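Encoded as structure tokens, here's the structure I'll be asking about.
Residue numbering begins at 1 within each chain, and the chains themselves are lettered A, B, C and D in the order written.
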Amino acid sequence: MFVVMKADANARQVEGVIQVVNEMGLCAHALPGAKRTVIGITGNHSPLDPSRFDRLPGVEEAIQVTKPYKLISLEMRSEKTVVPVGDASIGGDELAVIAGPCAVETREQTFAVAEAVWRGGARFFRGGAYKPRSSPYAFQGLGEDGLKILAEVRERYGLKIVTEALDEHGLDLVERYADVIQIGARNMQNFSLLRRAGRSHLPVILKRGLSATLEEWLLAAEYIMLEGNYNVVLCERGIRTFSDHTRNTLDVAAVPAVRRLSHLPVIIDPSHAAGHNYLVLPLAKAGVAVGADGLIVEVHNSPRQALCDGAQALTLEQFGRMMSEVRAMHGVLEPLAAA
Amino acid sequence: MFVVMKADANARQVEGVIQVVNEMGLCAHALPGAKRTVIGITGNHSPLDPSRFDRLPGVEEAIQVTKPYKLISLEMRSEKTVVPVGDASIGGDELAVIAGPCAVETREQTFAVAEAVWRGGARFFRGGAYKPRSSPYAFQGLGEDGLKILAEVRERYGLKIVTEALDEHGLDLVERYADVIQIGARNMQNFSLLRRAGRSHLPVILKRGLSATLEEWLLAAEYIMLEGNYNVVLCERGIRTFSDHTRNTLDVAAVPAVRRLSHLPVIIDPSHAAGHNYLVLPLAKAGVAVGADGLIVEVHNSPRQALCDGAQALTLEQFGRMMSEVRAMHGVLEPLAAA
Amino acid sequence: MFVVMKADANARQVEGVIQVVNEMGLCAHALPGAKRTVIGITGNHSPLDPSRFDRLPGVEEAIQVTKPYKLISLEMRSEKTVVPVGDASIGGDELAVIAGPCAVETREQTFAVAEAVWRGGARFFRGGAYKPRSSPYAFQGLGEDGLKILAEVRERYGLKIVTEALDEHGLDLVERYADVIQIGARNMQNFSLLRRAGRSHLPVILKRGLSATLEEWLLAAEYIMLEGNYNVVLCERGIRTFSDHTRNTLDVAAVPAVRRLSHLPVIIDPSHAAGHNYLVLPLAKAGVAVGADGLIVEVHNSPRQALCDGAQALTLEQFGRMMSEVRAMHGVLEPLAAA
Amino acid sequence: MFVVMKADANARQVEGVIQVVNEMGLCAHALPGAKRTVIGITGNHSPLDPSRFDRLPGVEEAIQVTKPYKLISLEMRSEKTVVPVGDASIGGDELAVIAGPCAVETREQTFAVAEAVWRGGARFFRGGAYKPRSSPYAFQGLGEDGLKILAEVRERYGLKIVTEALDEHGLDLVERYADVIQIGARNMQNFSLLRRAGRSHLPVILKRGLSATLEEWLLAAEYIMLEGNYNVVLCERGIRTFSDHTRNTLDVAAVPAVRRLSHLPVIIDPSHAAGHNYLVLPLAKAGVAVGADGLIVEVHNSPRQALCDGAQALTLEQFGRMMSEVRAMHGVLEPLAAA
């Protein structure tokens, strides 16, 4: 059930509804919007009676939920969520660019890339300290040592750190060093990890699973939000199909399709979709064209030496070119979209 | 084998090589480029000896083919092919927009849409007279009567007519009335139809099959070119995947991936990929973003009454908006791409 | 609409209904069943009034069609269709085995394989005279010369000839020499070819398209039946998926799923699904296990020298082993299924 | 590297090799086979020099690994692994049948199903106490209470308990109550969970991910084995494709394809592939036909009331029928396969 507050409802009235919900042994999720606050109610095992809520002070109406999800939906919040990350954000007017190497390999490599990312004007730095590799014999990441290098990058360049957590223990550490937690495609339905991320104070980037439907992806976000963390960013990174000229097939339509259902920001990962360096720039532009709120791309100072995913990494120079092209595009498209 | 002519080779020398090829019982395909002419040789059942050609007057070198295709490849022609369609073209600097209803239903409907397409500034009009429908009980198109209506549209608005041929007999008729032959996704590997289109004097738009790899699609184009028709335009229209929020998954990466292998122009069909009206504009923009040479979109004056694919048709108003947005984008991207 | 005749309706009463249908400008399809005849009515553009039919002599009831197909459905005929092919058949108690080389290459090769097929006890011989090849540079088949060799095989061994037609012209020739027309996966939605096959007196094997849903496949069969040819056999041959250890993914569930909707027999092509010789026998057995009415397999006397699909061809010896294993299985399963 | 011991090598010689490996800071995995023991060496970051090993006492030869996996491969153990589960086993001559409800709902329901499973002659009982559900609002399982009910079932019927662990904490509990740990499809690349299962003393059933290639699946098993748990059973449960008449597409070819590469047993889950009750029996038989070592099926005493996946559950009666049919088939096929 959604309890929609009146436009002029005050904090005490919102609090009053929450208290009623709590007294019923249920959970209240209050998301303030530009015009009004909506309170999502979860935890009930059968439909609730709207009359329990719609006469409470400050309540406009109580609405039954008809979709399989509640908190991610536009009924819950009609305007797009802007996820704050310190003095930066994802989901606002500016295109959020998250760039960096697949894996943190060494301090030198990481700083060389970070310098270029910073010069290019991106606000976010990515880099894996824990790598989910298909083979147990492949490089698995530097672990906490990698996280420490990332923290140094933030110190030096002021870039916000985005890094992946593979399990609950790793998430504890990521929380200590990073600004944004990334949940990878292979973990999109690792529900224990989602719940743990939902109890974090950090924003979460949730990648779409390789074979996840839109609904499954949104429900995975719902798992996170249910625990009280409403700062979720969705990330389309390509799906697995028969098509073999790319590593994955970037499903650009997912961006406007999510927008029609959810208030959550959506970003695009052109690198993992492409699998080949030369395809990253066009796919990044396609992402901007469909209205993505940001991009997450892999950049390496020496792709041929990369310990992971070198084939799809942009060189520092290519990254610079990408930044100028996507900015030019975004500058043209933003006003059109707003019109 | 490719016989690459010298930059200053004259027409007589080109003719000389062709004559040698013909005398060997083989087939010569001469494609003049900006700098030089390349002659593709087909019809051989085993590798040819380069020494048969590389000492002929005007020949720079004779090169063995290493890829599964010849005529579509960048080795054959290094610059992009511009397919001329009367005073318009596909593959040049201008974005080619092909718009119109899924099916020609009535003269009134067709003209209502054509008026809007023309006002919007598109140069090409699409409309099906022969419809490949999954069900034999669905509307199959008006046949030759539909083609006549399309010819009237050309007469009135000067729009170039693009329409689908389903079989060899239909192609005879399409040739009589239209400017560009469309081969649909379901017929991408209808090799008899491809060969017949290869003997036509009209350009051919070849849609990618629902589950075709890039290589299969390019080889289908090779079938057409082998018969002597070099004016082939490839069209990405979405592939079939598990993803269910769109009718098909638009594989935007196909555009730059084809570009890396072939000189043929590539356009995007956002309508069949989307399946839903509201997704067409973002997908059209994604197509422009990845560098497509054009768009083919479905427009209807009354989508709810459409006899075919109404859910994905743009209204006349939406079409106008699409034209202004994609033009604005193309204006920004073209100079960047050229840079 | 289906007009269900009474169990004791006589031929004159059936004829009477057909006449009424014809007088309405519609088309009647009478399929006699074990207990009663059902007449399918097609050609109407809007729903028919049952009262036009249910009082005619011999009529039990007239039923509105609620599914997208009519003639293929169990409402039209409740028991399975047995397609007669001379003194053999497909769909009856016996497992129909169709075996032979991918392509007719030479008289010698063809006879060598035919000898083994005949010795193995199969009743049907397959071999392509017209090959749908992805590449125009690949072997395209011997054409009519190949058909003549096939006709000789029938002469010598009494095997029924199954061979593919790629277009309407080829179908004219196939009709002249063969016993069963095969429509390949790439042509499953070549509607002109389907209609032409529907006007043939020969039975048709309709392969499922690489990315066809069950409904699309059944509707393709409906195209054939609508023209009056009710002897259609469906063939599952694997679908295109991301899975790369086989050429295609054999969708064995398609057999019982078709059975729940349609009276048409269904066979399995394990060779094209497998793509590798060693997988053909297990997939053939899987086909028998799910209740397929037959198998169509590729056999070659010298797979390494095969001009087409050698990797998936059974050797003559492997074919012998397959025959004994599938017969043993079929012997156990048939009584269970009947129970 | 594999160190292949001589047929007559004694335990001390095997121990000697292991000691050398350990002294190099590497890890030794000794798998005794029918004829000889092979010792897999892992932990090296660059290729090892065979001469370090091939002159050690009892060593036949040291072989470089050329495939992406080691421990799962036939090079490591040439005969099939038989996974012991108390007095039962998976991978031996007998078909292992694992049956039970999707979820443990109540003691009554669980015992009603267990009674039928036991009467049917199956040796293993399945039932979820922790359910990975796409929606956080769906029934998530009874947790430890469910595990306790399962333990009672073992007590009463002597059935071996197979149940899923969703995370490391859950695995601790599953280990306490169950006989076999199941890792679900969504967790196939939850590498932390795989490693934890690799440190368990219980056998592990590893389901194939919805979009996992064969190689990814085998590498996931390698993650488990690397930690020292060699009792891994692979489970094919259908992959995600465009095909919509089943919940997933059962990839039966995966069984013989795995067999060609690995010594691990493979079972089939027809229930999750089918998604519909009526398809379970044919898919189970297809699994037996391709040589699966076992089946895992969902059975419910009242499918319509099931809290989870009722549509695909067999009734108790259908389960009985399945048991008799698959046994009859297995009885015919086993001797053939052995021949």
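Some points to look at:
Note that in this section contacts are C-beta pairs under 8 Å (C-beta built on N, C-alpha and C of every residue); 3 or more make two chains touch, one makes a residue touch a chain.
For clarity, every value in this text was computed on a predicted model and none was experimentally measured.
Common neighbours of subunit A and subunit D under the contact definition above: B, C. Over half of the residue numbers at the subunit A-subunit B interface are used by both copies of the sequence.
One copy, subunit C, sits rotated relative to the other, subunit D; on C-alpha atoms the angle is 180 degrees to the nearest 5. Here the spacing of subunit B and subunit C, counted between their Cα centres, is 34 Å.
Chain geometry summary: the mean Cα position of subunit A and that of subunit C are 50 Å apart. The set of subunit A residues touching two or more other chains comprises 211, 240-242. Remark: subunit B residues 42, 68-69, 132-137, 166-170, 186-187, 189-193, 210-211, 215-216, 219-220, 222-223, 226, 240 touch subunit C in the complex. Within the complex formed with subunit B, the residues of subunit A that make contact are 211, 213-214, 239, 241-246, 249-257, 260, 273-274, 278-279, 282-283, 285-286, 288-291, 325, 328-329, 332-333, 336. Of all the residues in subunit D, the ones that touch subunit B in their complex are 240-242.
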